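Letters are used for the chains, namely A, B, C, D, E and F, taken in the order the chains are written, and counting of residues starts over at 1 for each.
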């Protein structure tokens, strides 16, 4: 975000809001990931300890999600940049 | 436009983008992942699926957004109806 | 809501809170709708573009949800009015 | 009752009603819609299903609300237990 | 929580925040419970009234959830206490 | 550490614990309950399942937490990317 037209107070305020949102997003992603990997990998409730097989499954589930999540973010960034470019072109056409 | 309004709009836009990223990640993972977890690495099939899924989700999001621009007035009308409900209730107290 | 017993400041505050909630509700409904229609209509990830068939499905999904959503709201309003009437009758009986 | 408390209660009630409307809409649509999407119009079957679903959801909501009025004390007890957990943890820091 | 090192204002503020969170949690649990029991028990939309069979199912659903929820809380408390104990032991080892 | 920071951290911890309790309750109930609802009482099978499920969920939660401590830097990098997107957009306005 372009903060150059904001004073110091507003800039710090905005940075704090962004940081809080990022923390909330991380906690939400983490919470969903635990739920999803537990749901996919742990289905035997005759034992009171996570089995080695279940633990391996959870580890792979977490790793796979992180890798595919990273890939989605990269594609998301590309799509957003493309969308911004299209919006800019439309605005330039409207000015003519 | 004063600073407070400008900041609120910037914050809302930031939240929109990050919420969209979260939702695309969840939905596309659901569509693309292989439940067997033979490996922690993403397979080629899963990776390419994610690529296409993100692009398609963007397209659907834009199409639905365009459709709803016209319908937003109808939704506001619906919300006002809910508000009238409450007004009647509170008059009785 | 009956705002006649509120001063100007409180009334404006309340109207702003209602407006914010309505905006959040609209964004939530919209977000859920995109998710639902994407989930129901887009399942072929061998292509990088939404197909004509998928796009038609999404359009119909959105239109159908809006129509049934409107109908649910109308019935909801009726049920709420009926509930309020029952509450009023109970209160009158309690006063006797 | 002062103004601040009155406004907070009014806001909470407004949120309750709009959240309930959202939830009923989502749940009843899920129960009633036809996945084939032959048309963008709502069919008679879907429409009548929505009508009955909304009424039934209201009834279930009221019944569960009545049942939970009695159980709310038990839930508060449960919450206090979680609070005690945290108190012990923070004493060790 | 240890509030002994907080002044009166901060303590009241903290207690209010806890109370608000507990109320939100209760409303969220209640909302999810209505949704879940409606989803599991009410599937006939040819009638406009909840049938006796559906009502019995909803009642049992609510009772069962409350009982199992209470049990989960008790086990949760035990696990949390155990986790705290482990953390304390680790901290003592680090000090040596 | 000043009072405001201390209180914010205490609040966040309280929210973490209560959110975890909520999530465990929902997930374990989904795993363990018998859909037939022959009774409102919890059966022995359901109860023992809940006991083990809560313990296992705690273990998975801790394991995923440990794994993500290392990956949190990567996530922050991802978030900064989203922020850069918005910065570019706003420069054009």
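The criterion applied here is as follows: contacts are C-beta pairs under 8 Å (C-beta built on N, C-alpha and C of every residue); 3 or more make two chains touch, one makes a residue touch a chain.
Quick caveat, the model's predicted, so the values are computed rather than measured.
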Each chain counted as touching chain D and chain F at once: B, E
Interchain contact steps from chain C to chain D (minimum; 1 if touching): 1
B-C, A-F or A-B - pair sharing over half of the C-D contact pairs: A-B
Centre distance in Å when chain B and chain D are each reduced to the mean of their C-alpha atoms: 21
For chain A paired with chain E, centre-to-centre distance based on mean C-alpha positions, whole Å: 27
Multi-partner residues of chain C (at least 2 other chains): 1, 18, 22, 25, 29, 41, 59, 62-63, 69, 73, 76, 80
Chain D: positions in contact with at least two other chains: 10, 14, 17-18, 21, 32, 51, 53, 55, 79, 82-83, 85-86, 89-90
All touching chain pairs, where touch follows the definition stated at the start: A-B, A-F, B-C, B-D, B-F, C-D, D-E, D-F, E-F
Interfacial residue positions of chain A with respect to chain B in the complex: 1, 6-7, 10, 13-14, 17-18, 21-22, 25, 28-29, 32, 40-41, 57, 59-65, 67-69, 71-73, 75-76, 79-80, 83
Chain D residues within the chain F interface of the complex: 79, 82-83, 85-86, 89-90
Of all residues in chain F, those that touch chain D in their complex: 10, 13-14, 17-18, 21
Of all residues in chain C, those that touch chain B in their complex: 1-2, 18, 22, 25-27, 29-31, 33-35, 37-39, 41-43, 45-50, 54-55, 58-59, 62-63, 66, 69-70, 73, 76-77, 80-81, 84, 87-88, 91
Of chain F, residues touching chain A in the complex: 16, 19, 23, 27, 31-32, 48-49, 51-53, 55-57, 59-61, 63-65, 67-68, 71-72, 74-76, 78-79, 81-83, 85-92
